[in-house]
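A, B, C and D are the chain letters, set down in written order, and residue numbers restart from 1 in every chain.
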Amino acid sequence: MSFVEYSDCIQDGDVAIVYLGHESMTPVKVKRGAQTQTRYGVIRHSTDLIGQRYGSKVTCSKGGWVYVLHPTPELWTVNLPHRTQILYTTDIATITMMLELKPGSVVCESGTGSGSLSHAILRTIAPTGHLHTVEFHQQRSEKVLEEFKEHRVDHLVTVRNQDACKDGFGVTGVADAVFLDIPSPWEAVRHAKTAMKKHGGRVCSFSPCIEQVQKTCEAFSDQGFEDISSIEVLLRVHDVRTVYLPLPDFGPDPSAQIQPDSTITPPQNHASIAIKTTIPPRDIQGHTGYLTFATKTQDLIIIYLHHKYTGCIL
Amino acid sequence: MSFVEYSDCIQDGDVAIVYLGHESMTPVKVKRGAQTQTRYGVIRHSTDLIGQRYGSKVTCSKGGWVYVLHPTPELWTVNLPHRTQILYTTDIATITMMLELKPGSVVCESGTGSGSLSHAILRTIAPTGHLHTVEFHQQRSEKVLEEFKEHRVDHLVTVRNQDACKDGFGVTGVADAVFLDIPSPWEAVRHAKTAMKKHGGRVCSFSPCIEQVQKTCEAFSDQGFEDISSIEVLLRVHDVRTVYLPLPDFGPDPSAQIQPDSTITPPQNHASIAIKTTIPPRDIQGHTGYLTFATKTQDLIIIYLHHKYTGCIL
Amino acid sequence: MADNVDDDSLYTIKEGDYVVLKRGDVFKAVQIQTKKKVIFEKQWFFLDNAVGQLYSTTFELASGGILQPRKPKDPESSTDTKGAGTDNRNIQDDGKSQKLTRDDIETLKEQGLKGQEIIQQLIDNSSTFKDKTEYAQDKYIKKKKKKYENIVTILKPSCRILAMMYHGREPGKICHLRYDTLAQMLTLANIHANSKVLVFETCAGLVLGSVMERMGGFGSVIQMYPGGGPVRAGVESFGFPAHFHDTLHEFPICHLNALIAGTLDTTAKDPSADLKESDMAAEVKTEAEVKTEAEVKTEAEVKTEAEQKGSPEEQSMETNSVADGSLVPKKEEEEEKRREAKAQEKKVKQEEKRKKLAAAASLLEGRNADGLVIASRFNPCPVLMALLKFLSPSRPFVVYSQYKECLIECYTKLKEQGGTVNLKLTDYWLRHYQVLPNRTHPVLLMSGGGGYLLSGTTVAAERSKPAASRRDEEPAPKRQKVTEG
Amino acid sequence: MADNVDDDSLYTIKEGDYVVLKRGDVFKAVQIQTKKKVIFEKQWFFLDNAVGQLYSTTFELASGGILQPRKPKDPESSTDTKGAGTDNRNIQDDGKSQKLTRDDIETLKEQGLKGQEIIQQLIDNSSTFKDKTEYAQDKYIKKKKKKYENIVTILKPSCRILAMMYHGREPGKICHLRYDTLAQMLTLANIHANSKVLVFETCAGLVLGSVMERMGGFGSVIQMYPGGGPVRAGVESFGFPAHFHDTLHEFPICHLNALIAGTLDTTAKDPSADLKESDMAAEVKTEAEVKTEAEVKTEAEVKTEAEQKGSPEEQSMETNSVADGSLVPKKEEEEEKRREAKAQEKKVKQEEKRKKLAAAASLLEGRNADGLVIASRFNPCPVLMALLKFLSPSRPFVVYSQYKECLIECYTKLKEQGGTVNLKLTDYWLRHYQVLPNRTHPVLLMSGGGGYLLSGTTVAAERSKPAASRRDEEPAPKRQKVTEG
C-alpha cells in the first residue's frame, strides 16, 4: 500500500480504512499481532487483515462485519486526525485541476495543516513530481511528516517548519504551482512568485473571508500575476429516497356510474403513490472559502512600477 | 382594473398585458378606437378588448391569437419600460415578507427607479397603507407618478423628487418599513430611522457590492438597529423536458439461447429510454444584490455613545 | 414633527396575546397567560411580567423564572478580551485550557452571576483565550453567550417570524417549506386585500395564516382541507384580530366531487349525519395514510398528526382546558347531565358546520376565485387539477412541493390540458452572510433546499376542442433551440 | 539561486504543436501550422509568427493577419478616464452621447489605430462618460475593449483550459459537463499515475484526455467506446507526447457481452470480417439513436456526430489532408492503383485493429482495473453495471450524467445488487467573483447547472448469497431518523 499506488493485498505496516457503515469509517495502522476494537467487535490484524485483499469483508468477533478499504487521499480526508481546519474533497478537486497539477509537477504549499490537501497533491504529482510544504507550527510539521512516512509518500515531499510569509518556501524558480492557505496570503505572494519557475505557473489562495480575497487579488495584481480569478465551489449531496404521497379524497364522484339504491362506496383509503426522488440534507456546508487563482507568466525583464504596495519589490 | 384590485372585464383606460407566447408579453393601454400591432396581427381595442373578460383569447387580424391578461405587479415587472436597473420578483418577494408588509403598512422607498418594487409594495399595503417613494431623478419621478395614475394606485402613494441621502423621505415617525436601493445607502440610514415609527419597524437595503453591504451594516449598527442580517436569494428556473437516452449495445449475449446454425441476430437498434426530467438553463442570473435587513426597536431615551461615526447623532 | 401619532397600546403586550419568544435564532410561539410556566430553550419561566411592556422588549431571566426587562444595552456589550493573537500557530488544544471546572461554573450560577459575568470569568480563566485570533475569540464568546446568557425577546408574531420559527423548529410540520419559498408563493399568487383566495395546505396553518396576513382582513380565504377538520394551529399563532376570522371559510375536499357535479346538498334537514359519516371516513383515511408514509416521525410530529384530526373547536377547547388545571371527580348524575349537554353541543356544532359548508360552497360555486395556493404532503397534481376549476381566468396560482417530480407531473398535465400560461417550475437558493470587519463571508451553515414551486396564470379554457389541437396552446418560438441547453 | 534550470524549449511554441488561442474568456484549440489561416472570434490570422515564442505570450493582430508579440504591458493598462461622477442621476440615455459615428470609427481603424487608441477616442468623444460612475465607466471600457482590442494569447493546452473551452463553446459535445464537475470526477476516481483506468465517454475525448493527463503517461487507460470507433478529437487537442499514446487502449462495447462470457475470439484467422460486420451494425445503430433523440442539434454538433463515426485513423488523415490544400485530378490508372493500395491499407488496419482488441481484451480479462469513469449521452445504468465487473475491489468509480434521474437509477440498482460502498449522488455549485475595489460581487452570469455525479467504491462481491440477504449490505444506523430531513 501507498497513497500513490494501489496494492491488491493488505500488508504489515499498511494504513487501511475500516468501513463500518454509512459515513462511518476509521483508519487503522496494520501491525502483526495488533487488534482493533470496533462497535462490531475486535479485528485481529494478523488473521483478519494481513494477506487479505483490499475491499474484503471482514467478520469481527461479535459477528458483525466491516469492509477494509485501500486508503486514498479522499478517504484520508474524511478520516484524518484534525489538527487544524482542513480542506475537503470538493475544494481539493477544484484546486488540483485549476493549478494544472499532474505527474511531474513541482508544488509549493503553505500551511501544511493536517495534510488533507498535501496527500491529494502527492497522489497527483507522483511518481516524478515534488511537494515543498511549509508549516509554521512545529508539532504539526513533525506530525505530518510522520504520516507521510507511514503513507509511503515521504520520498515525494519536503516538509519545512517556517513562516511562508517571512521566509518563503525555501526554493527558488522550481515550482509549477503554489498553494496558499494562510491567514495573510497577500504577505506570501512575492515568495510564491520567487518559488515559481521563470516560465510561469499557477497559484491559488484559499481564504474564508472576502476581505482576505480582496487583499490577495491586489497583491497578485501588484506582483504581475495574470488571469486573476476568484471562485467558490459548493457540494450538494442528494439523498435518494422512495417517498409515498397520499392521494386526496374528493368523495364519491356523482358523475361516475352508481348502482341503483347503492350505498355510498367507501372512498379508496390507503391510496398513495410512491416516487423515487432525492431530498437535500437539511443543512449543508454553505461556505468553505474562496479560491483565488492566478497565472504567473514568464518573468519579464522590465521592472514594475509599484504604486500601492511599496513594500513589495520583485 | 387596478393594480390593487381585480376586475373581470377589460375597460377603456385599463392597462392590459397581451400574452404573445412563451416569455413574450407586452403591456397595452386600452383606448377606445385604438389599435395595437402584434406579430400575429392587429388588435382593435374597441371590439377585441373592451368588454372582454380578462384571460380571454383574442384573435388578431392575421388569424393568430393572444391572451389578454389582467395586470399584476409581477407581470408589470417583466413588462415595464426600464429607466434604471430594476428589482425582480425573487428579490421583491423576499423584501415584502422580510419587511413584514401587509395591508395598512406605511412604507418609505428610495429610489423609485422604474417602479418595479413600488407596484409590488402598493399591491401589498392597499387599501389602507401608504407608500412614500423618493427619487432624485426628476424625469423618472414624473414618469413613475404618471404610471401610478394609469394603474390607479396613485391614491396610495406620494412621490417625492429629492435626494434621500441629503433630504430624507419627507416624513417623520410614520413608516413601518423603509427600503433603500441607492448607491450609498449608509448615508440614508439616519433618515430611514427618522422616518420610522417610534415603536420601530423594519428596514432593508439592496446593494450589488459587498463593500456597500459592509458600510450599510456598520451604519445600521451605529444607528442602533438590531437583528442586522444580510442575505441573497437566487432564482433557478427548471425547464421540463422529455429526453431520450440511447441504450448501449454490448453485442450478442452468448449466454442467451442461440438457435443452432443461426446467423448472429442483429443488435436491437433504435433502443433508447425516455425520461421526464428538467434541465437548468445554460446561464442564469448569478447575482442581483445583497439584501440587508434590520429591525428598529422602540426609540430609547438614552443617548448612544458613538465611537466610530461621530457624524451620526440620534 | 410626526405626521401621525401612534397608539402605544397597539404595541403593548397584553394578556391573551399570541407572541413569539426569541433567543438568538430560535423562536417559539406562545400565548401570554399569567401564572403559566413556559419552557423555552430548556429553561422555564413565567410571562407575567411581560404584560404591559412593549413588543420587541428583551428580558433577562431572573431566578424563580421571573422576566425582567433588560436595561438598555451598553455600547455593543463588550466583553473585555484583553488583546487578540494574530494567528493560532501557538495554540494546542489539550482540553486543559479552561481552569474553571463544571462545578465551579455551577457555583457561580448559584451565586447569582449573570451570563455576561460568567462569560467574563470563563475568559479570565482560559489560558489560551488571549492567544486566539480575534475571529476565534468572537466565536468563543458567541458560543458561551448562547450557553450562559439568559435573555429572551418577546416579538409580535408575523408571517416572517412564524415561517422562520417553523422552518427552524419543526420543518416536518410544514412540509419543509422554507420561509423564502413561502415569500415567493405569496407574491407569485398575488395575494392582496379584497380578493378571494383558495388555500390547500398541510403546513400546520402557516400558509393559511400568511395568506390571511397579506389580505389584512379584506376579502375572503377559503381553506380547502383534507381529513376531518381544518388545521389551524399556525393561524392561531398569528394572533389576528377577531374580524379576520370572518373572512376565513373552509370546505372539506371530500365533498369536492359533489360540489363540482352540482350534487352537494347543504340544505338537507339533517345533513349533519351525512357529513359526519363522510368526515369520519376521511378521518380514517388520514390515519391510514399516516401509516403508509414510510417516514418515521418524531414525537412532536406524531402529536401534530393527532391534533390535525381534531376539529378546530376541539383544539381551542383543549387549549383552554389546560389553563383550568386539575380535574375534579364528578358524580354519576353530573356525568349524565354532562353527556346530554355534550350531545346538545354536538348538534349545535353540526349545524354550525353545515352552515359553514353552505357558505363556503356558495363562495366556490361562482368559480371566480382570484388565487390558489397549494402546499401539502398530498400528491399535488390531482389537487391542482381539481381546484383550478374554481379560478377566474387571468388569475395566478402556485403549488409548492418538496419534490420536483410532483411538479413535473403538474406541469406536464397542465401543458396537455391547456387553460394556463406562464408556467414556471422554480426553486430558490438562500444564502445568509456574516458581515463583520475583515470577517465577511457567507454563513457556513446553509439550508440544503427550500422546495420547489410551480406557478402560472389561468386563461379562458378552450371550448370543447379536442386535446390534440391544443398542443399549440402556448406558442414557444424559441424553445427548440435551447433543447440542448 | 535556482534549484534547477528550466529548458526554454519545453516552453516554446513549435510548428505542429497543439495550442489554445485565448481572448478574454473565449478559447479555441488549434494546431500550429505555417501559412494556414485560422479564424477566431470572427477574425482571421496566421500563426506563423508564434513559432519560437514562449507559451502564454499575448499577440496583437496587425494588418494582413500577422501576429506581433505584444510589448510588456503598461502598469495596469490605464485608459485615461478624466474623473468619475458619483451617481447617474444626471444621465439621460438619449442615444446621442457618442459623437463619433460608426463611419468615424471605421476610418480610425483604417488609419491603423490600435484598439486602445480607438477606445480613448470613444471616451474623449462621449459626452456622458465623465458623468458616469466609476463602475459604469469600467463596464463601458471593458465592453469597448472586447470590441476593438485585437489581441490573442497562445496557451499550452491543459485539462483546465480545454474543459473550459468545451464548456464555453460547445457544451453539447461534452454532454454539458462543466469543468468543475470534471475536476471532481478526476479526484473522486483517484486518477493517478501507474494505475489502470476504464473510461466510457461521449465527450469528444475531453474526459479521456483529462484522465491521460493525470496519469502522465504511466499506467494504462482503456477507452470503452460505443459505435464504429473511439472518438479522440479532444485527446488530440491535449498535444500529448507520443509515448502517452502507448498507454491508451480501446475496446468496443459491442464485444462486451462476448468478453464477459469468455467467448471473444481475438485470434481468429480472419477476424476482421467479423469485427467489421458488428462494428458496422453498431455504426448503423448510432445513427438511428441520433435520430431518436428528440433534440435539435446545431450544425457543429451534427458535424461532431459525423466525426464520431469515423475511426481515429480516418480522422487524423482528414486533418492532414486539410493541410495539403487543393485536390489534383487523377488519371484512371492512378485511380486503380489507389484502390488497390487502399484495399491493402484496409487489411493492415484491420489487423492493427485486431491486435488492439486483443491487447485491450487481455487488460480487461484480469478484471483488476483501478478506476472507472463514465460520462456519456447513453443511459448510464447498464454501462455502469457492465463495467463495474472489471474493477478490483476497493476501487473508486464515478458516473456523470446531465440528468439526476439516471443516477437515481444507478444508485438504486447498486443498492439492490451490493458490491459497492460510499455511494454518493452529488452536484456542484460554481460561482465566480468579481473582486475589485468597492465593486466586489459574484459575477452576474452564472452556469445554471454542472450535471450530476454518482461516485462510490467497489468492495468484494458477496459469494452467491441470495439478493434478499444483501439488504443489510450497508448498515445505515442513522438513516431512518433523517427520512423527514
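The rule is simple: a contact is a pair of C-beta atoms (placed from the backbone, for glycine too) under 8 Å apart; a residue touches a chain by one contact, two chains touch by 3 or more.
Not measured: the values here are computed from a predicted model.
Across the two candidate interfaces, A-C and B-C, the one carrying more C-beta contacts is B-C. Ranking all chains by how far their C-alpha centres lie from the centre of subunit C, first place goes to D.
Look at where the CA atoms of subunit A average out and do the same for subunit C: the two points lie 38 Å apart. Subunit A and subunit D have Cα centroids lying 24 Å from one another. Counting partner chains per residue, subunit A has residues 210, 236, 277, 279, 281-282, 290 touching two or more of them. Across the assembly, subunit D contributes residues 171, 176, 294-295, 404, 429, 431-432, 437, 440, 483, 485 that each touch 2 or more other chains. Note for the complex: subunit B touches subunit D at residues 136-137, 139, 183, 208-212, 236, 242-255, 264, 266-267, 269-273, 275, 277, 279-290. Interface residues of subunit C facing subunit B in the complex, by the touch rule stated above, are 1-4, 6, 8, 10-11, 54-56, 72, 75-76, 158-160, 163, 179-180, 182-184, 186-188, 190, 192-195, 213-218, 368, 370, 392-396, 404, 408, 411-412, 415, 421-422, 424-433, 435, 437, 440, 452, 457-460, 462, 474-479, 482-483, 485. Taken in their complex, subunit A has these residues touching subunit D: 4-6, 8, 19-22, 24, 53-57, 67-70, 72-74, 89-90, 92-94, 96-98, 100, 102-104, 120, 123-124, 126-128, 171-174, 197-200, 210, 213-214, 217-218, 221, 228-241, 276-279, 281-282, 290, 292, 295, 297-298, 300, 302, 304-305, 307.
Considering their complex, residues 86-87, 89-90, 92, 133, 171, 226, 253-258, 260-261, 263, 278, 281-282, 284-285, 288-289, 292-295, 377-379, 382-383, 386, 402-406, 431-432, 437-449 of subunit C touch subunit A.
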